[in-house]
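Lettered A, B, C, D and E in written order, each chain numbered from 1.
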Amino acid sequence: MRDLLWLVPLLPLLGALANGLLVGRRASEKTVSWIACGSSGAAALLGVGVIANYLRSGSPRPFALSLWEWMAPGVLPTARGPVNLSIGFGLLLDPLSVVMLFVVTFVGFWIHLYSVGYMAGEPGFRRYFTYLNLFLVAMLVLVLGDGYASMFLGWEGVGLCSYLVIGFYFDRESAADAGRKAFIVNRIGDFALLAGLFALAGRFGTLQFAELSSHIAASADALRAPYVLGLSLAGFVALCLFLGATGKSAQIPLYVWLPDAMAGPTPVSALIHAATMVTAGVYLVVRSNAIFQLAPEISALVAWVGAATALLAAGFALVQTDLKKVLAYSTISQLGYMFLAAGLGAYSAAIFHLATHAFFKALLFLAAGAVIHVLGGEQDLRRMGGLWRRLPTTARTFGVGALAIAGIFPFAGFWSKDAILSAAAASGTSGHWVLYAIGLLTAGLTSFYMFRAFALAFLGRFRGEANIEHHLHEAPWTMALPLAVLAAGAVAAGWLGIPEALGGEDRFGRFLEPVIARVASPKVPAEHMLSHAAEIGFMTLATIVAAIAILLALRIYRAGPERGEAIAKRFPRLHALLVHKAWVDEIYDATIVRGTWSLARLVSRFDAGAIDRGMVEGAGRLTVFSSWLSGLFDRHVIDGLVNFSGWLLDRFSRSLRRVQTGAVSNYAFALALSAFVLVCLYAVWR
Amino acid sequence: MFDWVHGVPILSLICFLPLVGALVVIFALRDPATIRRFAFGVALVDFLLSVPLWFAFDRGGELFQFKEGADWIPSIGVRYELGIDGIALLLVLLTTLLGALAFLSSWSAIREREKEYYTFLLLLQTGMLGVFCALDFFLFYVFWEVMLVPMYFLIGIWGGPRRLYASIKFFLYTLVGSVLMLLGLLALYFWNGRGLFGWTGAGNPLSFSIEQFHRIGPSIPADLQLWIFLALFVGFAIKVPMFPFHTWLPDAHVEAPTAGSVILAGILLKMGTYGFVRFSLPILPDATRRLVPWMIGLSIIAILYGALCAMAQRDMKKLVAYSSVSHLGFVTLGIFALNGPGLSGGVLQMINHGLSTGALFLLIGVLYERRHTRLIADYGGLSAVMPRYATIFLIITLASIGVPALNGFVGEFTILIGAFAQSWAWAIAAMLGIVLGAAYMLWMFQRVFFGPVGHEENRKLPDLNRRELVYLLPIVLLCFWIGLYPKPFFRILEKPVAYLVERVAVPATEGR
Amino acid sequence: MNLPSGWSHWSVWSIGTEHYLGLSLLLFGIGLFGVINRRNLITILMSIELMLNAVNLNLVAFSYQRGDLTGQVFTVFTITVAAGEAAVGLGILLAMFRLRQTTRVDTASELEG
Amino acid sequence: MSFLAGFLQENGAALLFYLFAGLALAGAVGVVTFRSPMNGALSLLVTFLAVAALFLLRHAGFVGIVQIFVYGGGIMVLFLFVIMLVNLNRLEASERVWRQTPWALLLSLLFAGVVGVVARANWGQASAGSAERLRTLGGEVVGNPQALAGDLFRNYLLPFEIASLFLLVAMVGAVVLGRRE
Amino acid sequence: MPIAPTISLHDIVQIGPELLLAVAGLLLLVAGAIGKGLEVRDATKVAGIALGLSTAVLLASRWSGGEAEPAPLFGGSLVLDGYAFFWQLLALASVALVVLMSSRDLDRIASRASEYYALLLIATAGAMLMVAALDLLTLWIALETMALSSYILAGIFTHERRSNEAAIKYFVLGALSSAILLYGISLLYGATGTLMLPGLAQAMPAALAKGSRIAPLGGLLVAAGLFFKIAAAPFHYWVPDVYVGAPTPITAFLAGASKLASFAVLGRVFLYAFGGVRVEWQPVVAGIAAASMIWGNLGALTQTNVKRLLAYSSIAHAGYLLIGILAASETGLWAAMFYAAAYAFMTIGAFSVVALLERGEYAGQSCSDYAGLGRRRPFLAASMLVFLIGLTGIPPTGGFFGKVFLFAAAVQAGWTWVAMVGVLTSAVSLYFYFRIVVYMYFTPAAEPDGRVAGEGGAPSFGIMAGIGLCAVVTLALGIFPGPLIAWVEQSLLALR
């Protein structure tokens, strides 16, 4: 069964090809959805089978499936001698990719199903499902790739699909802009990621995970030696990889694309911009944990960036009026959590949160999508309200998701968030208490904005237009079923990792253990050094904060947005800062984007002006000019000489008034002059 | 199955079949439709003739294969000598393929003076193939120059409004470059013989043989090497074109008819980089090593400069033209990284650029034929009107900006690995070009294909027809092939690249 | 008669080759001046004859100095050629006069550039 | 008196040279300065004759005679004939190219001067002159014309033949160009 | 006392080709003088037959001569070595092409056809003799014969102002340069006491070693006279005016046979007679070559009259040819000879096209008159294209190989800067040569039906054949230069 691993990405690919190329433009929605859901469902089933098979083998040894040699560009001189560089394409099954595989296929399938209902009647139905399937393929390659190169194929593939689906409504200028922005911001991250890969390849002559891990283990000290820019090689690589991760996972400084990415259809936001793709950065960091462990300074950077992003994004989410934007910032914030964990060395906690987050965030998005769908595309929270009665399933599942993300016991978020906060508290990183405090504050903010959104959307009275109100109806089963399933996941997913403090076994952490390298590192102590009692104390504290925040939010927003707005007026500066997202977009636009464009225009003008016209045409003009000159020589210079002499003589004698010329005489003069010059030159030489 | 090619002068056949075709077109054919079909037929047969080379080429065998030779001008040692190594093989295949596709693309685009058009196109084909097949430097030079004339006419007669300016600029530029290259060639020639002014030569019988030059090259004194390198460099750099010799390119590209642009971008530019790997590197290793920082510097400038210029363009063809400057900067970067990945990536990127930029020009040509404008601003929302066209354009765009699974990535990736192994700073500087590449290509794509359909004229544009699909799909398939399974290409490059590396090898550095 | 050698031995009263050479140079210069400076084709032709005469003086002087007849033979040819050139030159002059009613060469300056 | 006679005896050749040289130069200057072509032609005749005399002074008897016959006779007649043919009355005065005059003067003088200065260093380096050999043919003293003829027809027969071709061309040319259509 | 002739019948037979031409010229003159004279067609035929016979005799005597290098004839006045043979054949070929293109123009002076051809043939004889001359007297008188014929031919359209003006200019300047040349010869004679080239070859190094300044001065003045004849800058002032004013076939003769024969003489004098003192004159020749290439090419840049443009191009090509002498090596010499051959066909071909298209005295010579030629007369345009490509020096034409070898010789001899000037100016030359191409192919004809009024009817077979032949030879030399190279390599002078 494991040997069929290659079929897992292939099935959705076939689905995409079938939908994209074969079925033709007149294929019914039914055909298309059968192909798309069938292939993704089959992939999910097969994935489960493969996972089961892998788990049953009982061995933690990764299962590698090398498919073909991708690039073999010859001998590369590396630090360990010339290496015949061979970059393979293959798949790898280890605990980390098992988790990711499950999350991706499972969530992916339900979102496929959901989309059938959500997208019904849209003009780009077939295109949509083609993209969705392609995305699944790319994401599977990303998480299953057996080396950085294969992973990068998926990495860029998901970026591309993200570009395509964000720009799905391509006739809207804003959607197209958002797609491009996402792609280019991601490219900036990829740029750094590639640099990291090249450094690795240049050092070890390979990019396969298996080989790299053995090389890294063998040459830990060499990796810590100074390399460039005051960094060690490990530090350089880690920095590059992390920068790549910030691009994909929307962390500071490259998070700006994600809110705009909400221009795509909502299920896509759920799948790509919440549950799966954006977590690729976390996956990358965890996958490269051996290198990060060798670069504690970069690990600390990861943690701080994660914490800062978490706090900042949560702050932005507080004031958003667009439901999807709230969720988008929430996603950024939660991803910040994951990076916080990863930076602190709590890799399994990061992945744990990644998995639980996938469920509840997908759930939240899908539920939000159902609301938006019902409201005919309305996304503004201020025009919702009172939907609790009209859309009971949606409201309840959304509530489950909100509780989960708020970290209320025993929902999934509680367990994973707790793992991260415990890690922060226990961490040896300097300033870890600050990190903990930020984490706690963010948890409170999360609960607040989530229930603010909940209250505005579902409680109070309906504030939208009357004619819409009459048509409110619950979503079809294709949408409701995924909501229900994911809600179940949002409740139960956390139970896989109940910590020992609460009598669990932290099965999740144990399972991931083989993936976490044991690189001897004095600065990163082992996780979970807290006593069980302290851990329980921290849990309680977090839960209390969350509960207070929830109550506060419900109190303020139960009746509508007015009270909230009144409070905002009291803090105009802060509110403006948050509403305008700290003007980061504007700053980027003014500096980097416009700077580049101006530079481009400048260079182009320089090219047309200086290089082309200046140098080349200048030379051309010089040639023409000198030709004109030499053309004139026969006509004018000799005459000019004569004129000059005439002018000269005019000063001496008025008698020479009649100035005339004869061409032959001039020629003869020049001829004799030339001969004379020859003679003179000779006389000088000798 | 393809062993028979060893028994026939296959390279001569491939090279001169278009010439014969051109003669037939001149003297025997009259009807434009017949000429069209016939010319395409010739190009197609030429391509089919070149395909067996791929199979019959012995990957592990001699460096140069399918060799043919005959005396040409015995008194000065000029021989008619053909032969190809892996690098040339790929370029020959690219030439025959793109040539055939370019012919097909001209069917409806060119509707006047077809006889001359196809004659020139066929002559051009012969010239380009000769350049890649020649094993005698003089023969190489002759083909190199011969090709200028038909290209000049293609731009000058069937080009856009500023065609006169563009054609003469193209011609002058390349002519200046090639005549300077000639001086370098002559210096090599004399050094191989009795020597020239200050330098005593190797005393060999007079010869222009490239293999002979390869043999004697490393023993040329370093200062003479430097001069020869610089002379050859000007010729090659103008053709590539490297900054700051590139300004002929945008004009020539913009004004040339579609097929001309395709061939110009797809094949002609490769002759410059081919010149580097065939002559500069193996014959003048000392000078090459000495000038590597300069070459890399120019490459990086070209990458960034070309990309920035491309960003500011409003004309699609001009944009693609500047992108060529940028992409060829990658090629030269890889070549002058002087290691395996750099070189094989560089050569592969030559092919990739030929395919993707060729396809881009074909695509722009399709649009131009329908709307007679190339300004980006005249389009918008075409995705809805021409979905098939948009899809192919997207794929090619992605190939061009180096998205994995497509060909551009493989080339750039390997080039950058090679460059990084030489110096991390070079690679990082060059990689900025990738980011910019995505920016301008996607900007163009968005402006043309996304958004509402802004112009009424664009509402009724027909999607790709069957003929257009026929000449675009092969390129798309090749893009995927090279993107996903480039191993056969690397395999064929293995030996020549190893040979080059051995010639110019620099001692391994500490991975910087 | 021994010729002095060098400038210091130059003597006014013993006529050597240098005297002829000097005279010939003067004649040549005057002829050159005429060709350059005069506008009438007839005068130009006559000036050319002066230049040829200067050459003849040289040849004869050298012939005497070297005791070699070749110079004199050459002079015969020079005179012949001078005659021929004069004939053709005057023919051209006639044609010119017929076309332009003048023999001033500056009237023939239609071709220029 | 005897001083004068002695002086004349001793320096007669030199005096003759200076006399004829002066005449030649005067004639030449006349050619390039007289406004009337007719006067110019007459000055030219003076130069021709003076040069012929100078030839004789250098023992080039035959050439001197030829000079008188061909130049003084043939060419001069040709010139005069043409001058009259184109109608002296209507023939403009031979004007100078005035603007060019100083430059032409300078150039001519410099030309003569520089060549003279350059050549000066070699003056007198050659062996002494010999009138004898100019009269010798095959070891026998025969007289200048005969000796010259010997040289001409033995060593320079081909140029002689070509000269005939040249004269043919000149004749045809004069006819072709002078003929009225 | 009897004068023993030193000249045998053998010597006379050896100059049979030249004699034939002279006799044919005389015949033409006589026939033209009798009765109503000769028809143009008949005169053309006679001239053609004479050239053919002359060629045949030349070839026959060459092939019967065997391998040994022939001894000098006429007491050392003439030598029919391989070098002379090459240039003689080239002169014959170019004059034959001139004859082919002449018939059209001759309609304008029908009554002078026989004189025209007679002069042309005699000029050819002069050219053939001067390239074989071994003493300065023979050389000079032959040169004068050719020059005098050229003056007359340039002005043979006596009723046309331009032709007359060309004759005046050519004559005045030619006579002046001839006087300068002659003065140089007289100085050389004075310094060395000999007119024989072999004698000079020995005497020059000796004279210079003794510190003679007259000898090099004479050499310089001789060089100046010859530079004038080959139209090298700055002795080129006559060229544009005379080339434009002269009847086009005569222009072709000046640019072809006349220039090349003078070049051959220059080569023989410099490389053979002055070969031993080459370091003295090489800088001069380098300067002249560079000046010619620059002046000629730059001067042509702004020309719009095709004939004038080709005239400037002829100046430039004098510069290119001089590189061969400058190198003073076997490579240089045979390269120059090769290039001269290629150049003869290219330039005469180009002038033939000009002759075919011009109308009357003034019209049809401008670039714009060539508009649309590619469509109107594809054959003519294609041939012109070949010539222009060749003149630019682009393969596959003879011009390409010629230039390559010349630059090669310069590089080898260490005159790289001259080679640089050469390559750069030939790149510049592309600009003006291809302006004609632009008109022929890129610009539509002025008249809608493509026919230009007055454009001279059906071209005669002769001129078309001539153009075709030139094009074929130009291409053939570019594709199979081997045989010609082998030939010129065996026809080299004995360099000193």
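By definition in this document, a residue touches a chain if its C-beta (ideal position, glycine included) is under 8 Å from a C-beta of that chain, and two chains touch if they have at least 3 such contacts.
Values in this document were obtained by computation on a predicted structure and should not be read as measured data.
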Subunit C reached from subunit A - shortest hop count over touching chains: 1
Any chain that touches subunit E and subunit B: A
Most heavily contacting chain pair (counted by C-beta pairs in contact): C-D
Chain separated most widely from subunit B, comparing mean CA positions: D
Greatest separation from subunit A - chain, by CA centre: D
Whole-Å gap between the CA centroids of subunit D and subunit E: 32
Subunit C and subunit D: spacing of chain centres that average the CA atoms, whole Å: 7
Geometric centre distance via CA averages, subunit D-subunit B, whole Å: 72
Between subunit C and subunit E, centroid-to-centroid distance (C-alpha), Å: 27
Where subunit D touches two or more other chains, by residue: 95, 97, 100, 104, 107-108, 111, 115, 118-119, 121, 125-126, 155-156, 159, 163, 166, 169-170, 173, 175-177
Touching two or more other chains - residues of subunit C: 17, 21, 28, 31-32, 35-39, 44-45, 61, 65-66, 68, 70, 73, 77, 81, 84-85, 88, 91-92, 95, 98, 104-106, 108-109, 112-113
In subunit E, residues with contacts to at least two other chains: 137, 141, 144, 148, 151-152, 155, 158-159, 167-169, 172, 176, 187, 190, 213, 217, 240-241, 303, 428, 431
Chain-chain contacts as defined at top: A-B, A-C, A-D, A-E, B-E, C-D, C-E, D-E
Complex contacts: residues of subunit A adjacent to subunit C: 631, 634-635, 660-665, 668-669, 672
Of all residues in subunit A, those that touch subunit D in their complex: 641-643, 645-646, 648-649, 656, 658-662, 665-666, 669, 672-673, 675-676, 679-680, 682-683, 686
Touching residues (chain side subunit D, partner subunit C) in the complex: 10-11, 13-14, 17, 21, 24-25, 28-29, 31-32, 37, 40-41, 44, 47-48, 51, 54-55, 57-60, 62-63, 66-67, 70-71, 74-75, 78-79, 82-83, 85-86, 90-97, 100-101, 104-105, 107-109, 111-112, 115-116, 119-121, 123-134, 144, 147-148, 151-152, 155-156, 159, 163, 166-167, 169-171, 173-178, 180
Residue numbers on subunit E that touch subunit C, as the complex places them: 137, 140-141, 144, 148, 151-152, 155, 158-159, 161-162, 164-169, 171-172, 175-176, 178-179, 182-183, 185-187, 189-190, 193-195, 240-241, 244-245, 303, 308
Subunit C residues touching subunit D - in the complex, by the definition given at the top: 1-7, 9-10, 12-23, 25-34, 36-40, 42-43, 45-47, 49-50, 53, 56-57, 60-61, 63-70, 72-73, 75-77, 79-88, 90-95, 97-98, 101-104, 106
